[in-house]
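Have a look at the structure below, then the notes.
Going by the order they are written in, the chains are A, B, C, D and E; count residues from 1 in each one.
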Amino acid sequence: SGGSSEGSKGSDAGTEDVKQTITIFAAASLQGPLDDVAKAFTTAHPEYDIAPIDYDGSQALATQAIDGADVDVLAFASEASLDPLTKAGITDSSEIFATNTLEIAVAPGNPKKITSFDDLTATGTSLVTCASEVPCGQATDTVEKATGTTLKPVSEETNVTSVVNRVSQGEADAGLVYTTDIKAAGDKLEGVEFPESKQAVNKYPVAVPTKAKHAEGGKVFEKFLLSDDGQKVLHDAGFGAP
Amino acid sequence: MSTPVWLRGIAVAGLAVLVLPLAGMLTRVRWSTLGEDLLSPTTLQALWLSLLTAACSTLACLVLGFPLALVIARASARLAAVLRAAVMVPLVLPPMVGGLALLSLLGRSGVVGRPIFEATGLSLPYTTAGVVVAQTFVAMPFLVITLEGVLRTSGQGHEWVAASLGANRWRVLTRVTLPLVAPGLVAGTVLAFARAMGEFGATALFAGNSQGITRTMPLAIYTAYNGVGVSQDSALALSLLLLISAIVIVAGLRSWREEAVR
Amino acid sequence: MSTGARGTGATDEGPRSGGTTHRGSGLSAQIEVERTAFTVRADLTLAPGQRLALLGANGAGKSTILGALAGTVPLSAGRISLGEAATERVLDAPGRRSVPAHRRAITLLEQRPLLFPHLDLVGNVAFGPRSRGSGRRASRDLALEWLERVDLTDHARQRPYRLSGGQQQRVALARAFAAGPSVILLDEPFAALDAETVPRVRGMLDRELTRTGTTAVLVTHQLSDAWDLADTCLVLEAGRVREQASPEHLVTAPRSRFGARLAGFGAIEGETSAQGLRVEGVLLPGRPDPGSPPRRGVRALGIASPTDVELLPGTADASLASVPGRVIGVRASAGRVLVEADNGLIADVTTQRATEVAGQGLPVVGSRLGFAPRSLRLVGLDVP
Amino acid sequence: MSTPVWLRGIAVAGLAVLVLPLAGMLTRVRWSTLGEDLLSPTTLQALWLSLLTAACSTLACLVLGFPLALVIARASARLAAVLRAAVMVPLVLPPMVGGLALLSLLGRSGVVGRPIFEATGLSLPYTTAGVVVAQTFVAMPFLVITLEGVLRTSGQGHEWVAASLGANRWRVLTRVTLPLVAPGLVAGTVLAFARAMGEFGATALFAGNSQGITRTMPLAIYTAYNGVGVSQDSALALSLLLLISAIVIVAGLRSWREEAVR
Amino acid sequence: MSTGARGTGATDEGPRSGGTTHRGSGLSAQIEVERTAFTVRADLTLAPGQRLALLGANGAGKSTILGALAGTVPLSAGRISLGEAATERVLDAPGRRSVPAHRRAITLLEQRPLLFPHLDLVGNVAFGPRSRGSGRRASRDLALEWLERVDLTDHARQRPYRLSGGQQQRVALARAFAAGPSVILLDEPFAALDAETVPRVRGMLDRELTRTGTTAVLVTHQLSDAWDLADTCLVLEAGRVREQASPEHLVTAPRSRFGARLAGFGAIEGETSAQGLRVEGVLLPGRPDPGSPPRRGVRALGIASPTDVELLPGTADASLASVPGRVIGVRASAGRVLVEADNGLIADVTTQRATEVAGQGLPVVGSRLGFAPRSLRLVGLDVP
């Protein structure tokens, strides 16, 4: 599908027998699983092509979509990040296609012996979290509120990857990240589940802009994402069902 | 005149600040997969795109920036101060905000971009030209500020002589002014080129991140680095590649003057 | 007058290439430029091919005038125009945009050589011809020819920083002339040249100016330069013209203090009387200058040739018509020995036995002696 | 000597490239909430932190960078080329990779940082000092490259004279070299300061993002911008604030020489 | 010898402040510096307070020698040391790190003024004293005093770019002297000064050098400078010393071609015979120089004072012992008129009626005349 990148951003495919190329903007945290979904989709629907997916922060993607970027499918990491698009009339409806919950990330072997959410407040434990403005940070806030704990992170990162990296590199002792992140990090991280995470389930919405060039293809992809085939791939990556 | 020894000591410390982190980075590179990371077609595509766009935007910086620097250097003190402040704008903005600014001007919904898009269907964002615009916007101040400093230091005596020998302004500019400020011009060009090569924020926002079209090396690095589950290995490998190619090019650019000018 | 009486003949050494003889432009200028301490004011009119020497003390305004003509120093008032009445081109005038330097066909050789550091000597000298449209080849040949004339062919391919000061000055000269201007302005062109080179280069330039008919303004501190090259001399003092004369006249009968000093004459101030000049109570013999005779009983300048001044062992002696003076310099040139006094007089002691004067050897700087001018030429102090 | 008219035309175009996007940005600012966004304590805290860290790192750049520039300017052509390439390193790296490099050297797990952390418990990341280090690393090349160009152009004649009058090297440096390259020094300092003020990537990665300690304006802007569902209003407002304060400071810095040096 | 015979007395005008009289250092130097076209080689020995003048054509190597002494031009071989045997300080020698310029106590006044553009005149002149540890106040006072001596008090608070060329040169002079060096090197210090200022400044510097006993090396193209300031003259040609003599000797009896030209003598090459010099078949009367008599029958230089050369209307005339020459210059100074020929001779025509010679007016440049030297002084061509 590599050769089709031109058509995705350029003018509309001229003739009918040329494949429709679907353009997808997706949250950075979907990188990997969504590529797999896309591969499975093109196998199942050879009449479509998928341009290399643009992964970035939801906000950056939203800005671009509002500015009129040609995009057929938007897959974001939180419902709230779709709001500006809805307000701008770019999208009118969305579907939740995956969920994600927080988990405590620690270095392999759990050297600080962290077993619960409360352990995160222990002195001498350097914690990193997401900033409360971004989805994973909002989830962290929710948990904090629910448990009545006040965390004192040394840094509030603007994206999950930074949290993952800090912990996996040993720059921090613990971090709050998504289950999928820990799974994806393989043996570099160990996860510690905690029951309070159920208080804050993060929902991933998918939407097709009303004026998308290939709205029809977008809808087909959206449907595929919600189908069992799509869900299986996401589940394998650690995502929860919608 | 030789520099004092203790000054050289500080210089070495300064150099260490700049170079040692790179050495630190090398300790993290996973050499086993390096070749693979580097030689993939997408990597080479990103590198080529980076070089191409950086070259174009450096050229744009030169064409637009040299006259601007000249005007500032020759302006009255007051006007120069105002112009200099204006030039500083993109320098101070975090690049991402620069991208936002560009979008709000030239985007499809932008002040200038919208009428153009509606009339012709053409727009800059998400095109390679957009990358060049973003890089030019971000890199030009470096050229202008550097060059202005040198133009001021070099003075106008030789230019007057040239004019008095019958050289028109164009000739004075190309045969006298330019060669005389060559060291500063090279310095400014190198800065602008380097800045364009490393530009990330404004490009990501204004031009998007589309492989083969707008995904330059820094965006590729970002994408690799931020990819869930993808280790930093390929990000590091890509950084190394970016670094080496930039240094090779800059070294090739070194038409530095061998002797001090006067 | 067009070309100098002394600058004739000798076209046999003209350049082998370099085009046809061209004629210089006439020039007319009323210059007014504000400077830190005073305003430089000068009116100049030059016929085509005329050559003017500007003489004056340091800071008198000579370079300022050249700069104004070339367009590098802005006028605060005045008007500069090139060519005769019919074909006149106004370069600078009140309320007009001044014509930029490169369109004036006036080349200024500045006081500093200001060679282009990034070009070799050929590149430097060829710059003018190239700028005025000559081909690459022709310009290079002309440059080489000019480098030969200033004796720098050996260094033709070197960068200027590898030249000595005098050599750089010679390149700057060659560069200015090679540009083939219709008016050339030379600011102390020979100051850094050695004693042997000066007359040779000066002679060569004289012939070149004659051959091409180029109009020239020359700033110099050496009367010999003016003598060899100029038709007319202007003596400037503090931004104002004090004397205008032919070099012959300036050399033989200067009429200003600075002119006198330049021509090697002594000058002493006093009050005119029927028989001469009264200085500190002593009457020195003298006659009014026929050109600008001062009235009787006013302050005036008495000018005397060194050979007309006798040195006496004692100091003041009214009967011998001598005034006292402290020796401030003893100079020798070409077998002559001159003794200079703080009273402004200079005595030639070549033919006087030194022992007669000071008792032993030459007079010593700082000693007090009597100076007896045998005949002073009296001029007014306020020559326009 | 005046600049040709058409050159001035290009200069205006160049200026437009730099300034118009800002004007575009202004169209997006929501003025009604501007005051509120700007005067919140967290904003002012971030601004203060930005100014403080940028000032410190500019100082560090000067102290370390001037000697380095001097050494490069006086070195043999070959050595200078090598040193220049080394200085270029942080310039070319996307700032994020620079942060990574710093972490791998000075982080708790870094080559140098680990032994220090293990011995003393002290480490640079998550501290304000860490921000200064990151900014210095990123900003210094601008100072060095700019200054070297000017030092080369200005030559050594006056330095020789000063030494011959009995001035030792320190005096030559402070009383002759520095004043002579003042225009370039100011230019370089302004570039470094601006770069430090706008620095985002390396800081975010190396020093983290903790309000009041490491959250400088660019990080605050980025955080605000990336806020889910929050409109870009406050990010824009913050950008405006950053811009204005930077320009005010830079204008205050303008000890530009009134006349060309010779 | 220590101080010049001409530079004595006159301490009454010494500076009012400025510390006690200091003595200059002796200097001994074997210099070898590679230049583009040749290697400059010179051995110099100066006693404390001695003053040496370096004379020579453009590019002869004068500035190079000064640079080597000051430490701004690296030696390729040789050795420079300061002070007498017991207290000798080696500045440069093979295999040693050369002593940096600021520790040499040698101040070089370069050929260009190179004033500090960022300091006013006071700041420029006070730079040396400040660098050598004087207080701010004392340095300023000394600077003002020196500015007064070079007549620039009015401009004391101005930046150098607002000065004329000659004024800048005077500031540079003041700056160099105010630094109070024990050895001062002056590279054409008076080249840009006007004719009136030169002797005044020269006299002032002479007294200053005498008062302080400063050792000095002076580069100049004017013999009058050497005459007033120097004890010894070195004449350089293409990097080699061709003549060493006292100024008196150089003025009255130069022994090199360049020295002759400098002193205003004519010089013509020929073959020695018992009666004189044979040139182009004509025997010109002459006697061997007592100092360096050439052997008989070899190529030698015949040197003649202009007053000893008669100008004849015709050209060659063996019976009149005259050689032909083309006039390349006619110069006037202080009432004398000199005619220069391409054969190297100069004739003084002041006392000859011009009409007798050329039929009308003065001789014209380019015309061919006969030159009859009445007595040549013959010197060998290969003076060391």
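Before moving on, here are some points about what is shown:
FYI, a contact is a pair of C-beta atoms (placed from the backbone, for glycine too) under 8 Å apart; a residue touches a chain by one contact, two chains touch by 3 or more.
Predicted model, so just to flag it, every value in this text is computed and none were measured.
Shared contact partners of chain A and chain D comprise B.
Inter-chain contacts peak for the pair B-D, counting C-beta pairs in contact.
Centroids built from CA atoms put chain C at 87 Å from chain A. Centre-to-centre spacing of chain C and chain E amounts to 22 Å, using the average Cα coordinate of each chain. Spacing of chain D relative to chain E, judged by their CA centroids, is 54 angstrom.
Chain contacts: chain D has residues 1-2, 103, 157, 160, 163, 169, 172, 180, 222, 225, 232, 257, 261-262 touching two or more partner chains. Looking at chain E, one finds that residues 100-101, 112 touch two or more other chains.
Contacts with at least two other chains are made by residues 60, 63, 159 of chain A. The touching residues of chain B, when paired with chain D in their complex, are 1-4, 7-8, 10-11, 13-15, 17-25, 27-28, 63-65, 67-68, 70-71, 74, 77, 80-81, 83-98, 100-106, 110-112, 136-137, 140-142, 144-146, 148-150, 152-157, 159-160, 163, 169-170, 172-173, 180-181, 183-184, 186-188, 190-191, 194-195, 197-201, 217-218, 221-222, 225, 232, 235-236, 239, 242-243, 246-247, 250-251, 254, 256-258, 260-262. Chain contact summary for the complex, chain A toward chain D: residues 57-60, 63, 78, 80-81, 83-84, 126, 128, 131, 133-135, 138, 153-159, 162, 166, 169-171. On the side of chain E, the complex with chain D involves touching residues 70-72, 100-108, 110, 112, 114, 116-119, 127-128, 131-132, 159, 161, 175-176, 179, 181.
Residue ranges on chain C touching chain E, taken from their complex, read 5-10, 36-37, 56-60, 62-63, 111-112, 154-155, 158, 162-167, 170, 187-188, 191-197, 199-200, 202-203, 206-207, 221-224, 227-228, 247-248, 251-252, 258, 261-265, 305-307, 328-335, 338, 340, 361-362, 364-367.
Residues of chain D that touch chain A in their complex: 103, 107-109, 125-126, 204-205, 207-211, 214-215, 219, 222-232.
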